[in-house]
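I have a structure here, written as structure tokens, and I will follow up with some questions on it.
Read from first to last, the chains carry the letters A, B and C; within each, the first residue is number 1.
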Amino acid sequence: MRKVFLYFLLSMVSITLLGLSPACGSTGGDVLPKVERVRVATTTSLYDTGLWTSLKPIFEEKYNMHLDVTSQGSGASINLSKTGDVDVLAVHSKADELKFVADGYGVERIPFAYNYFVIVGPASDPSGIAGMNASSAFKQIATVGTTQFVSRGDNSGTHSKEKALWKLAGLNYSDIQAATTWYLNAAAGGMGATLLMASENGAYTLSDKGTFLSYADNLDLEIIVENSSDLLNVYSIIAVNQSKFSWINIAGANNLIEFMTSNETQQLIADYGVDTYGQSLFTPCFGNEPTQ
Amino acid sequence: MVPIIETKDLGQTYERHQVLKDISLKIERGDFLAIIGPTGVGKTTLIRLLDLLEKPSSGQIYFDGIDVTRSGKSRLKARRRMALVQQKPTVFDMSVFSNVACGLKFRHEKKLVVRDKVEHMLELVGMREYRNRNARTLSGGEMQRVAIARALVTEPEVLFLDEPTANLDPTSVAKIEGILARIIGERKSALLMTTHDMAQGQRLAGKIGVLINGEILQIGTPSEIFFSPANMQVAEFVGIENILPGTISGKENELAIISINGVKIQAITGHAEGEAVYIMVRPEDIVFTPSRDVSSARNVFSGEIRSMSSVGPLVRVEVDCGFPLLGVMTMASSQEMGLTIGRVIYASFKATAVHVIKRF
Amino acid sequence: MSELWEAFKTAIHLLVTFDPEVVQIAWRSLWIAATSCAVCVVICIPLGNLIHFSRFRGKGLLISVIQTLYSMPTVAVGLIVFMLFRRSGPIGPLGLLFTPGVMVIGQIVLVTPVMLGLVISALSGIDKSIIETATSLGASRMQAYRICTREAKFAVMTAVIIGFGRAISEVGLSSMVGGNIEGYTRTLTTAIPLETGKGNFPLALALGIVLIFLAFLINIALYMLQHRRTWTRLFVWFQS
């Protein structure tokens, strides 16, 4: 029995050693001293555009620390931040973000980029919503009730916006949810997956412009409604409060915030996507709330 | 010197079935004890208890004076000074060499030492050429020799053999008995062997124990067992066939007159007048003659031949002398005398050939 | 159809040129699964011996429970591990959530019932007299267990390989507790849904091909173990 215990101990030691070794798959070539990690919970809408992937190596080189980005719906990311499982929150759900800071979980809400949500759908626009503003378009889709609408269904920032629009349109969300003939509460897993589903089904959906543009080649969808004032989509970055959770890598978080709002990065964000899609996906806002 | 193994009232019960009881044995260093008895009577169980493979349900076992009945650690230590060869040899799925080396490896013996000892042992059992063969590909006799080598290479102070030649062909049996004889000759270990072949026990062992119905009924030298069985069951087992109940009607010094169904038989015994006894006479000790012979035999009876049957080169003759008497003679002799069923014949045996035991 | 073909061609190109992203992700899958398996081997072989050769009340029940856990849903284990290791959970202070370490731990939990149950099953296939013979030759308990494991070595190897297969192909646990972090906790199984969801089919296909290939290798290994006599004969014939 003693030998079993020794075996177990030996294996635990070897795992720890392995875990610390470069074989762990870290992007850098660090061995010792151990390089810091800063962890961000972000929204799939933002992650799926590839923005984080492009910024990550630049950040890591500049600040000599690992950037771990985990993406899920905004609601889920906020929950992870509320338990201190990540150091930084970067989503696009204004009301929830404000509450997050007000309740003491976050230090400060710093908007770093914005774009607009768009309502996309089949080019034929079967429900005839082109030219309307967002809430009227939603009302129209519900009234016509034949062409489908795919929802994120996952408490993400996009989903919150969608719900807000139904409310603006004067409709009760539970009635909408019950209309399963045309309302697909898919929870397909991220903005990209939702767009793909809408494309497959010839349905409408609400998407942030950035993600839509980065997927447009694979989709049979067009932007039907955009530039409506009720479609503003602001991405903010918030450091998790270290006084609430002592282990938060506040230095790393602050580095990331400084990085994201720096002139160079803001310029990168502004230019992101121009080469590939012919237009930029984001507008930088330098830490200030956009007005339009 | 403390006996190497001693048991006190050892017993084993499996699920309310008592397999062994009141086994009290002493095995001295250098002894060769054969346990004989009918199959399924507890011989294997006894060996398993003595080799410390199982714990007894009652009684104690002492190895070299130390109580090894319960404690795990002392049992392991004791077990490393003993070895067992089973009836059906179990070899590991590895080479013959590795098999034989196992015991030494368990004792953390150095590699070179292991090699020397294993080679020597393989030579002893005549398996040297097979050293690299996978043990599973061997024949029964070869496997058993490997098992013996494997047991002996650890130089055990006690070697147990559980019916080691039971499943083997005569050539293999002879080879193995030869090996055992060599081991006995070297007188290093004590040996305990179970067998249902009495002749084998007689050939090899210095002492024999008779195990019947879970009890040791008698321990003694082969001649004691075969010619002076302690009781009926032993006698029946060792093949004494003339067992007759009677009473001692008269006594003169050592000479006793025992009356059986009115017939008087003379025997040498220490039992007293009036005692109820059994008399036993081995068939080989009965001499048949066509007429009353004037010989030194004190017991002469005439009777009618009831039955005759041949057993190999011999003939078993059953005669009714007022009591049944069974004798053997050669085929040639019976033909010479022209014996047939119904013929009247004289059977005689010496007083010294009569073995007397108490009757309860 | 042409889109699929194009994606497939690009995928092959990625594989043939050992595209760094593909290699890095594949290596991580292998490393994590291998570590979990190694720990499981160290736990399951002695423990399997102990359970198989001991007699105790409820032994049959224990073995039934172990076998029932074979098909434990990976997401269920993922959920439990997630709740244990998040900061607000009991093992939170170790900060292991979203690291490869917690993925290894989770896979250990997942693989142990399978490997343990199959080791016990392997041992039940050997003759009972083996352990007794070893004991009578003076083996301590551990030494006797080693001999028995050697006797059953092919069945035990099968158990280990099956355990490895379960580890490397599971998704539910890895995605829930690993966070699918690029360059850190992203594995073949967590990357494929992500890339598919992003519409990045060439990369998803390339990763899928690697995964299928690994599963194929595992099955070949198992097949060769089961039919080793055929293979050794073939091998000998080939040499001659």
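Heads up, the rule we're going with is that a contact is a pair of C-beta atoms (placed from the backbone, for glycine too) under 8 Å apart; a residue touches a chain by one contact, two chains touch by 3 or more.
Only a predicted model underlies this, so the values are computations on that prediction, with no experimental measurement involved.
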{"item": "Centre-most chain, if every chain is reduced to its averaged C-alpha atoms", "value": "C"}
{"item": "Relative to chain C, chain with the most remote C-alpha centre", "value": "B"}
{"item": "Two chains joined by the most C-beta pairs in contact, as defined above", "value": "A-C"}
{"item": "For chain A paired with chain B, centre-to-centre distance based on mean C-alpha positions, whole Å", "value": "89"}
{"item": "Distance between chain centroids, defined by C-alpha means - chain A, chain C (Å)", "value": "33"}
{"item": "Rounded Å distance between chain B and chain C, as computed from the means of their C-alpha atoms", "value": "57"}
{"item": "For chain A, residues that touch 2 or more chains besides their own", "value": "none"}
{"item": "Touch list for chain C against partner chain B, complex", "value": "127, 129-130, 132-140, 143, 147, 150-151"}
{"item": "List of chain C residues in touch with chain A within their complex", "value": "24, 27-28, 31, 35, 38-39, 42-43, 46-47, 86-88, 93, 95, 97-101, 104, 142, 179-185, 193, 197-199"}
{"item": "Chain A to chain C touching residues, read off their complex", "value": "3-4, 7-8, 10-12, 14-15, 18-19, 23-27, 37, 39, 48, 53, 56, 66, 68-71, 80, 83-86, 188-190, 192-193, 196, 215, 217-218, 245, 247"}
{"item": "Residue ranges of chain B touching chain C (in the complex, touch as defined)", "value": "51, 53, 76, 79-80, 82-84, 86, 88, 90, 92-94, 102-103, 106-107, 150-151, 154"}
